[in-house]
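Below: a set of structures, written as structure tokens.
In what comes next, chain A is part of two complexes: it sits with chain B in the first one and with chain C in the second one.
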Partner chain A sequence: MGLSFGTKAPPTALSGEVVVTGLGKSYGAARVLSDVNLAMNEGEVVSIIGPSGAGKSTFLRCLNYLEVPTEGKISIGGAHVVAGGKLPDKASLDHLRRVTGMVFQSFNLFPHLTVMENITLPQRKVLGSSKEQAQAVAERLLKRVGLPDKAKAYPARLSGGQQQRIAIARALALSPKVMLFDEPTSALDPEIGLEVLAVMRDLADEGMTMLVVTHEMHFARDVSDRIMVMGNGGVLEIGPSEQVMSQPQNERTRQFLKAVLDR
Partner chain B sequence: MITQLLSSIAQGVGLTLYVTAASLIIGGVIGLVLVGAARSPIAIIRSIATLYINIVRVIPPITWLFLIYFGLPQFALRLTTIQAAIIGFSIIASAFMAEIYRSGLLSIPDGQREAAHALGLSTVTTVGHIITPQAFRVALPAIATYGIGLLKDSALASTIGVREITYYAQQCAKQTHEGLLSFVVAGLLYIVISLAVALVSRRVDLTLRRKIGVA
Partner chain C sequence: MDLLTQWLGWLPDLAPGLGVSLQLTGLSLLFGFPLGLLFAVMAASKLAPLQWISFLFVEIGRGLPALVLLYLLYFSLPDAGITLTSLMTAIIALTWNTGAYASEYFRAGLAAVPLGQKEAALTSGLRGWSGFRLIILPQALRISTPPLAGLAVLVFQGSALAFVIAVPELMSKAFEIGSITFEYLSVYVLTAVVYGSITLVFLALVRVLEWRLGRHLQRN
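Up next is the complex of A and B:
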């Protein structure tokens, strides 16, 4: 399904819904991300795993410019940006954020707005939707994440799992082409995390292009098409999920998988 | 006797409230500008705002009042006592309000701004719809506390002749030689007003807290 390539020779001509080439980030002399390449087809799900400090979240956050990469190129869903250590022009930045939706570890719902307002405000401000349109979309999405009766609730009244599902609905309401998940279940009890993973699994089945930073090895193996293993700010290896889990090529990957799977 | 004193001194309640409320509102608006300036991308604007905030706060309120009431006429600016008091207290309030807003802003987790950015919300929408309402709710108790502080400071306006509570208490004390009683009555009036402000702000705060649970 996905484009697969090894890590030894960086691919020269990539194509797909997501194409990232030579992405890097440094703070002065400190290099936190170097030469990350990734191409994803539409509808593909890629999980990013690896030890903490590997640069997984930094990489993901560079894709919508919550972190500013210092080198490389990003093309997502028709938005193109060449990194240069500062924010791109407003039109490119808006476009990039328009085609990406992000789900955070800490949900980041707006606590002073109801669930309904959390989902409708961005639609009205970013897409210019009417109130009725935005509410119709919100109601449909609330059903989809299994929380149709929570429209009037404030986030503080919801469990972590419910908040995260609302956060997913809020991102989906803007019809992104690619969804970025930054450790979406790390702040949740394992049991509660399952309800979020179930929503993500449905989303993947429906053909959403997804990039997921995660510590959930089952999700990575079962749901994603490919797994990208990161370490030390770079890509250790990337390949079909089953292959990376059962026959990792890289020694560092083997160590990491042994550590997480032997628990 | 007490009722006579009370009815005379209570004449000052209006101006006490007027000077306090006007200064809090004007200072509150200037404070917004200041906190914006203190976070400006332009270094010189940042420095000016920070300098203003710091200078204003270290000069005693009574010095400000004298500076404005007795100083400005030298530049041919004739002010009424009430105008001078409101200008002086507005300047002071602006610096304190700016600090209150700043701590409110600092209490908003980075994730809120990040989520707004990730959703593609503009800076104006992010500040206006996401950051400011939350910061205001966090700042509300501090604003109420400062308002009560300002109410007490407004007594200083009597020194330049504003006919507020303390001014009338002084007059009564002089005329009736009931010094103790006059100022006890004045004190009671301040207590009543402060309690009312505190109760209202506490009620609003609790309602917001119960509803949205902001820290």
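Up next is the complex of A and C:
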């Protein structure tokens, strides 16, 4: 069971695997993210939904500093950062990125490396694993995402769905505590997207803590424990998935859900 | 007189000149390409002084014709108390020229690597030098290879300019033969054939290299 919070006043004592308080980002006078609060327990899955431009991806990308937040605090898996509009010190940044795994909309596999090398290279450089250790981990992960026979292939030879499953394996190889998914199926046709969603569902069942920006309403409802709805750079509402989908509290949420569910 | 016999007779005299041309070209590329990469990286740096140094060297190297650069160095270095052989002077001039142009090709190659690659590298813990060397640079090099190969050919052909500062390269040997035999046209045609055939063989090899570098991008 997840903790849930209102969006305005930052709660006094948040705890959990992920604790974000008062996170905001401005470009000069333009405010793209304001006062986002979120606490997640270990093993919890939260989907982030909302219209385009709501700040969903920006929020997610602030969590591992692909975007630099201008205010707020982030604690993930033991890494703590206080935002100040610039990159934190190297040790904190490394720690934060070490405990988070990221899966992108456009996969971003390294095209000049084989699938095996994509998964082993980060392990060898970051964890200092031996070649044999790294390969053993990669083989186990390739099996887990259902692509054990693709180790020697280059990404260009794989379908989008396969590439995204490899990208998930690559992120898992560094044993992150929290997985961040940024619209992982948006670049895939609906049928191919299912194979990626299946892998994510397994991952959730195995107890991975996951934060997923998505337009897949079935996934949001069925797999995630809670849904966070964003709009206009802030949190519109957050609550148990079933409740947000069937009885949204916020008017803007109702509009959005009506638009996506009536399609 | 049979043209072929005449040419074969001249080849032993031209050969050392070709050797010098290839040496001049090879060394200019050997120093010039890494220098170009360095300039490109400096240009992308956040440190203003590095940007300015890069800008200065690149703009002078690109702004001046190789011939002018050759003369400037040849006549100015001794005044500055630096005495070098004419070959060394030519290597410095062509290296500068090569580095300046190469830096633009490297810069374009680096800029063409999608931002998502850098982000994936960062989130995979590959930051700084290892991310650059293992993820960004290999992809940039593949993009930069065709223009760099073209530049290598231009440098080889431009090495003929070193003739003017008395470097004993291919062109100067051809001139020597011409001035002895007065068969200027014939010997320059032979020289053209030598330059042309080496260039074409080199470009064919580059094709093979490009194919190898791009193999992973072919779908089937």
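Of note:
The working rule: the second predicted complex is superposed on the first by the 258 of 263 C-alpha atoms of A that agree within 3 Å, B and C clash if a C-alpha of one lies under 4 Å from a C-alpha of the other, contacts with A are read in each partner's own complex, and residues count from 1 in each chain.
FYI, a residue touches a chain if its C-beta (ideal position, glycine included) is under 8 Å from a C-beta of that chain, and two chains touch if they have at least 3 such contacts.
None of the values given here were measured: they were computed from a predicted structure.
Touch criterion not met for A:I192: it reaches neither chain B nor chain C. With the contact threshold set out at the top, residues 64, 66, 94, 97-98, 100-102, 104, 106, 108-112, 121-122, 125-126, 154-157, 167, 170-171, 174 of chain A are in contact with chain B in one structure and with chain C in the other.
Taken in their complex, chain A has these residues touching chain C: 64, 66, 94, 97-98, 100-102, 104, 106, 108-114, 121-122, 125-126, 154-157, 167, 170-171, 174. The touching residues of chain A, when paired with chain B in their complex, are 64-66, 94, 97-98, 100-102, 104, 106, 108-112, 121-122, 125-126, 154-157, 167, 170-171, 174.
Only residues 109, 111-112, 114-115, 117-122, 125, 129-130, 133-134, 137, 211-214 of chain B touch chain A when the two sit together in their complex.
By the touch rule above, chain C contacts chain A in their complex via residues 114, 116-117, 119-127, 130, 134-135, 138-139, 142, 215-220.
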